[in-house]
Amino acid sequence: MYMTCRKTNGSAKRLTYRTQLLSMLINAYQQIRERTVQLCLPLQTEDYVVQPVVDVSPPKWHLGHSTWFFEAFILKPYLKNYQEFDPDYNYIFNSYYENAGAHVMRTDRGNLSRPTVQEVYHYRQHVDEAMRSVLQHNLSHEVEELVGLGLNHEQQHQELLLTDIKYILGHNPLFPAYKKTVSATDKIADDSWITIPKGIYEIGFKGNGFCFDNELAPHNVWLSEFAIQKSLVTNKEYIEFINDGGYENFRFWHTDGWDWVKGTHHKSPLYWHHIDGKWLKYELSGGLISVVPEDILCHINFYEASAFAAWKGFRLPTEFEWEIAAEQLDWGTRWEWTNSAYLPYPGYTRAEGAIGEYNGKFMVNQMVLRGASLATPSGHSRISYRNFFHPHLQWQFTGIRLAK
Amino acid sequence: MYMTCRKTNGSAKRLTYRTQLLSMLINAYQQIRERTVQLCLPLQTEDYVVQPVVDVSPPKWHLGHSTWFFEAFILKPYLKNYQEFDPDYNYIFNSYYENAGAHVMRTDRGNLSRPTVQEVYHYRQHVDEAMRSVLQHNLSHEVEELVGLGLNHEQQHQELLLTDIKYILGHNPLFPAYKKTVSATDKIADDSWITIPKGIYEIGFKGNGFCFDNELAPHNVWLSEFAIQKSLVTNKEYIEFINDGGYENFRFWHTDGWDWVKGTHHKSPLYWHHIDGKWLKYELSGGLISVVPEDILCHINFYEASAFAAWKGFRLPTEFEWEIAAEQLDWGTRWEWTNSAYLPYPGYTRAEGAIGEYNGKFMVNQMVLRGASLATPSGHSRISYRNFFHPHLQWQFTGIRLAK
Amino acid sequence: MYMTCRKTNGSAKRLTYRTQLLSMLINAYQQIRERTVQLCLPLQTEDYVVQPVVDVSPPKWHLGHSTWFFEAFILKPYLKNYQEFDPDYNYIFNSYYENAGAHVMRTDRGNLSRPTVQEVYHYRQHVDEAMRSVLQHNLSHEVEELVGLGLNHEQQHQELLLTDIKYILGHNPLFPAYKKTVSATDKIADDSWITIPKGIYEIGFKGNGFCFDNELAPHNVWLSEFAIQKSLVTNKEYIEFINDGGYENFRFWHTDGWDWVKGTHHKSPLYWHHIDGKWLKYELSGGLISVVPEDILCHINFYEASAFAAWKGFRLPTEFEWEIAAEQLDWGTRWEWTNSAYLPYPGYTRAEGAIGEYNGKFMVNQMVLRGASLATPSGHSRISYRNFFHPHLQWQFTGIRLAK
Amino acid sequence: MYMTCRKTNGSAKRLTYRTQLLSMLINAYQQIRERTVQLCLPLQTEDYVVQPVVDVSPPKWHLGHSTWFFEAFILKPYLKNYQEFDPDYNYIFNSYYENAGAHVMRTDRGNLSRPTVQEVYHYRQHVDEAMRSVLQHNLSHEVEELVGLGLNHEQQHQELLLTDIKYILGHNPLFPAYKKTVSATDKIADDSWITIPKGIYEIGFKGNGFCFDNELAPHNVWLSEFAIQKSLVTNKEYIEFINDGGYENFRFWHTDGWDWVKGTHHKSPLYWHHIDGKWLKYELSGGLISVVPEDILCHINFYEASAFAAWKGFRLPTEFEWEIAAEQLDWGTRWEWTNSAYLPYPGYTRAEGAIGEYNGKFMVNQMVLRGASLATPSGHSRISYRNFFHPHLQWQFTGIRLAK
C-alpha cells in the first residue's frame, strides 16, 4: 500500500486503533470523506488534472487514490459480491508500478486526462456506498483497524491536496487565488528560549488512540541540556539572512545543500518573487500578495533551514528534543524541520501482510519534521507524530525553530 | 511569429495570396475558425489541458494560440480602439520566451490549468467579433494577406490538434476513443513502380493561390532517371521488417537513428502494442484495435523510414523526385518522409517585418515531408507544399514511399 | 579544507592530537608520505590520469591534493619565506570551486593531462623539503595539530587511492592486475551471534590519541537488548540472495534503493561479472578471478546491504550497537554499513577557523560505516571511528554484518 | 568500418584509387604512418589518455584505431599466418559497440588507462611490419584499394589528432602550448566579391586519383547567379558581431541554434576568453595569447556561422556554389560551413562488403563543410572533398565565407 504514497508522504504506519465505537467510525468516515470533497470545491475542472513536478500529484489522483485504498484493502477482500468499479483503476490510482500490467501506463499522472473528474467522483460514490454497507454490518476488529488506517491515510492526502493545489496555482502565471477569504494571520512570534535539563526522557506514542507504527514503541533516550525557541522564525529574520548573502555563502550550507543552491538557482523560499524591490509571495487566499515581515516563515527546505540556523549561530533541534519540549512550544502552523534523519525506533517491528509490508521502506535519505501545519486536518496531529520528507523539498508548509 | 510555432510545425512562409474576394474571405474565416471548434467537440474538459511530451501541445493552447495570432498581428496593430482581451495571454499563447516578462512563466504549457477552457472559448469569441468588424470594413491588401496567413496558420494547427489529441488519448492507459465513427479504410496498396526519365524539371509553387514562402520561387533542378512506387508501404511489409530483426540490426540505420533505437528502445511504430502475440494499435476512432496488415503504415519517423527502405534494398525519394512524380502517385493519406533536408530554395528571400522575420529559422536539422495526411484540412494541401519535422518524431501521420 | 574532499570522503574532524613527541612526528610524516608513493609504484603513468566516474579521483589528484594540504594550511601561513610551488595548483588540487579564479577550470579532474605525474612528484618533493624545515624548528602546538591532521587526512586518501585504483583498473576491459601477489584470504566466517543486554552505554572517543571531531564528545545512549553476528556475510550467502531473486523483488528494498536498482540495472555487487554461468570478479591482485563462496562479501552499497538483511529476516546494526559490541566482533576487513544516518553527536561543536569551518557539512544524506577495511592504513582505525558515504555507493571495501 | 569513426569524422567513402604504382604506395604508407607519430612527439604520456568531451578522442585511441584499420581489413583477411597483436584491441580500437563481446567495455575511451601508450606504439610497429610484408608481395587490386583507403583514413585522423589535442590542452587550466614555434600568420583578408553567372554546372570528383564515394558520381546542378566573397571572415568582423549583441538577439539564429546559445551560454568562439576587457584565445603554439583582429576567424559552429551571416545581411554559400567558385577563392586554412545538408549525391551507390556497408549512415543531421584547414595533411584536400559535422560542433578549424 505505501508504495501508493510514494509521491506524497507515505508515512508507513501500523494501526493501533482500538476503542473507537462503531457509530463514531461511521461518522468519522462520512465527515473525513466529505471534507476531501469540500477541499476540492473551489477548483476548476482543469485544476484537477495537472502535475507540474514529480512530487506534486494532480488533485484528481488524490481523490481516486484515497478511494482506491478502501476498495483495494477493504471492499475487495472483505465485502462479498462487491462489484469492482473499474479494474483499470488499479493501475491508475495505486503505484505498484512493478506489478504486471503496469507496462501499459508509461505516462506520468499529470498526463492522464481520463478518467474524467466526474468519473472519479462517481468512483467515490460507488465506493462510499459499498463502505456504508460494510460499516453497518458485522465489522471485525481487523476491518475496523483498516477503516481507521484508511481515514488517517485520507487525512494525510487532504494535507497534500492543499500543498499540491498551492503548487499548481502558485506556478500559474495568472496566480489565481484558491479562495478569496483571508486566512487568519499567523501568530506573532515570541523569541524567548525554553531550557530543558539533561536526563533520561521517554519518546514515542503512549496513548490509546490511533498512531502510525513509526511512532512506536515508547523508549528512553538520554538528552543533554538544551534550549529551544518558543516561536518559529519570521519572514523578517529570513529576509535578513537573504540580504546578508545567505544564498551566496557556501559556509552556511551542507555540501548537498550548496549543490542544490547552485543547481536550482534558488535565492528565496518557494513562492516568493522579488519584483521592483519588494518581496511578494503567492498565497492560496489572495494570489500574489506582499510578504508580511512579522508572519511566520513558510516553504523552506531542510537545507535552507539548516543554513539559516548556521548563519544565526544556532542549530535545528533533534526530533527528540522537540518532542520533550513540545508542550511548552507554540506549534501547529508549520511542519518544523528537525536535524534527525528518519530512522526506525528501537522497538520498531513490521506489521504482517500487505498493509505492513512496506513500512520501513522510506527510512533512508529523509529528514523528520515535527509539529503540524495550517493544512493539517484537525484531529490529525499529536506530539509523537513523525512526518518526513527529502531534504530538498520546499512545497510543504514548513518552518524553522532554533535550538542551541 | 513563427517562434510561436516552435513546438508544432512553424512552416515559415510568405503570403502570396492575391485574388480572393472579400466575401470569400469572410466565409473562409468563419468556416475555418468554426472547424477548429468542431474538432474539439468530442473532447472532455480534461483532455484540453495535458501535454505528455514536449512536442505535443494541449488542445487548449492550440485554441488560444491560433486566436492570439489574429489579435497580435491584426487586431492590435490595425483595429482602432481594440480592447485587448487579457495582456497575460501574450505570455501564455505566444512563444516569445526571449522577451521581457516571460520570466514569470516558468512552467510548461501542460502545467497551466488556467485560463480555463471556457475562458479560452470566450477569448475566441472576443477576437472573432472584433475580426468580423475588421473584415467588414476597409480591408487593406496588407491586412488581407495577414488574414489569409492566419487562416492557413490555423489550418496547420487543426492538423496538429488531431495529432496531439491522438497522442494524449493514445498514451492514456484507458485508450479512450476520440469518436466512435469508423474512418474510411486506407486505400489498398498498389506496388507498381513509376519511372521518370532524367532531365531538367521545374520545382516550386507556380499558381495564383496561397502558398508559403518556402515553396518559392519556382526553379529548375536536374534529375537522373528514377523509379518511385505508386503506393505507400503497408503494415504487412513493415511487420516483415520487424520480424526480420529490423530494429536489432544496426546495418539498416543511420548512426543517429541507431542511437535513437538504443536510447528509446522502440521496436515498432508509435501507438503499436504487441500483446499476446498480436499487434494492436491505438486509433482515434475505436481506441485499441488490431493492426490490419493491408492498411497503410503510419507513425514512423525518418530513421525508421530510412531503415525500412535500406532493409528492402531501396531508398526514399528526394522532395524533388516526389514533386515531379506526384501527379501519378496515390497520395494524401500520409505525410511522406523524403531524403531531403529542409533548406531554402535558391530564390528564397525573407519577408519584411515581424511576420517574415523568422522564416528561415527552422531550416536546419529537419527533413522534408511531402504529400498530406488524413488529418490535413481539405484545401490545405498542394504538390509544392513542404512540410518538415525533426527526423526522430513519429507522432504525425507519416508513411513511407520507396524509390530506386 | 574539507571541501577539498568532497568527491572522496571528507570526514570532517577536529584535531585532539596531544601527546605525540616531535621525533615521532617527523618519523610519522616521513613514513606516511612515503607510503602514499609506495602505493602508486605499481601504476603506469596512464593510470594516474583517468577518472571514470565522479566519485573516483585520479591517483595524480590524490598525490597533489594531500600535498596541497600541507602547503596551504602549514607552509604558506607558518613558514616564513616559503616559495609557493605553483599558484595554479590551488585551483587544481583543492576544491574551493566557489572561489574566484575557479571559473577557468571548467573541466573535470579526469580531463587534466597536466600537470604531469612527474611534475606532481616534484611538487611533493618541494613540499616535503619545506615541511622538514618546519618540523625541525620551533613547532607550535597549533602547527603540531595541523601536521597530525594532515597525516590523518593523507591516510584517508591512501585508502581512497586503493579504492579508486581498483575502480580504474576494474573497469578497464583488459582487467589488468594492480600487483600480482595474492592477498591473504579473508577469514572464514563464523556465524554465531553475540547478545548484548539493554542498558545505558557510553559512546564516542575517550582515549588520548588522535581522533576526528565527529567522534566527540563521549556521551550516553540507551540500547535495548540486541544480538549481532560475530562475522560478516559471505559471498555464498549473497549469491543465495541473488539466486532467490533478491534484485527482482521490491519488497526487500527501500524505495530509493529500488529506484537505484531499476535505474542502474545492477544485479550483483560491483566488480562481479556473470560469465558462462560462473561468477567472476575483478581483484587488485589477479585481475578477473573466480568468486570464492567462502570469502567475505565486498562492494555492496547500503541499499543492497539493507535488502539482503531484510531478505534474511534480520536487520543492520546501528552505529551505537556496533561500537558497544565491537570488542567481541571480527572486524577490520570491510567497512560495515550501519542503519545510522551520519549526524552530529550531542556534544558536537565546530572547531574555529578554516580547518574546522566545514565540519558539519556532510551531515545529511549519508550513512555511517563502522570498522575498517583491508585498504585502511594500519594505525588509522579505532572503535569510535565514523566513516560515512552516500547510500548508493559501492566502490569502497564494504560488507554486511547482521543484527536482530 | 565507418562506424569506427563515429566520434571522429567517418567520412563514408568508396575507393576509386586506380593507378598509383606499388613503390609509390610503399612510400606513401611509410610517410603517412610516420607523420602520425611525428604529430604526437610533443605530447606527454598523460596527454594521450584523456577525453574531455564525447566528440574528442584520446590521442592514444587515434594511434590505435588507425592501426587497427590495417589489421582488421587487410592483415587478418589477406595475410596468411598473420598473428593478431591482441584480440581485445578489437573492442578497444574499433567501435562496433553493437557486436558481441562489447558488453565488457562499459567505459568511455577516456577512462582507459590501458593499453599504455607504449603498448600502442608496439601495436603500430607490429602492424607496420606485417604491412611491409603485404606491400612487398603480390598486391591484388582489392588490397591496393584498401591500403589507399587506410591511408586516407589515417590522414583524416591526423587532422582529428590536432583538433583533439587542441581541445585537451586548450581546456587545461594551465593552457600548455603544444609546441612553441609560431605558426605562419593567416592570410590578410580580401573582402572582394566574385560573381558566378547562373547555369548548369557539373559537380563531383572527376579526376583519376583517390576520392571518397560521397564525392561521386559527377552530376549536373543548376545554379542561379550568386556572389561569393574571395576571403574568409576575420576576428575583427566577428568581434563586431559580438559587440553588437549577436549572441543576445534571437533574430539572427536558427531555432536550434538559439537553443544551443541558451543551453550552453556560449558568447564567443571556442577557445576565446574575455579577460580584463581583452579577448584572448588558446593556440597550439603559444598557449593563451591575444586575439589578432586581422586574423581569420576560427572555431565557430554552423549556428554561429549562420547567425553571423544573417547579422551581416548575407548568407552562407551552398556546397555547390562553393565547388564552382573554388578556383577563384582563397581557401585551405579553414573548413568552411556551407548551407548544404550532408546528403547522398544522385549517383551515390553503396560499395559492397564491410568497407562500404556504412557509407550512408552519417547522411542525416550534419552539414557539409568545404575547403580544408591548416590541420589538413597536405595532399588530402581537393575541390570536391565533402567534410561534414553536426551543426553545434566548434572544435574543428572552421571559418565563415559569405555569399549573397
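Each chain carries a letter (A, B, C and D) given by its place in the written order, and its residues are counted from 1.
In this text, a contact is a pair of C-beta atoms (placed from the backbone, for glycine too) under 8 Å apart; a residue touches a chain by one contact, two chains touch by 3 or more.
Worth saying up front: this structure is predicted, and the values here are computed from it rather than measured.
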Using C-alpha centroids, which chain lies at the maximum separation from chain C?
B
With centres defined as the mean C-alpha position, give me the chain B-chain D separation in Å.
36
What is the distance, in whole Å, between the centres of chain B and chain C, each centre taken as the mean of its C-alpha atoms?
57
Report, in whole Å, the distance between the mean C-alpha point of chain A and the mean C-alpha point of chain B.
44
Which parts of chain C, given as residue numbers and ranges, touch two or more other chains?
none
Please classify the inter-chain touch graph. Allowed labels: line, ring, star, complete, other.
ring
What pairs of chains are touching here?
A-B, A-C, B-D, C-D
Using the touch definition up top, name the residues of chain A that touch chain B in the complex.
44-52, 60, 88, 91-92, 104-108, 110-117, 168-169, 171-174, 176
Interface with chain C, chain A side, in the complex: residues 3, 6, 10, 98, 200, 219-224, 250-251, 253-258, 302-303, 306, 310, 339-341, 343-344, 346-347, 357-358, 360-365, 367, 391
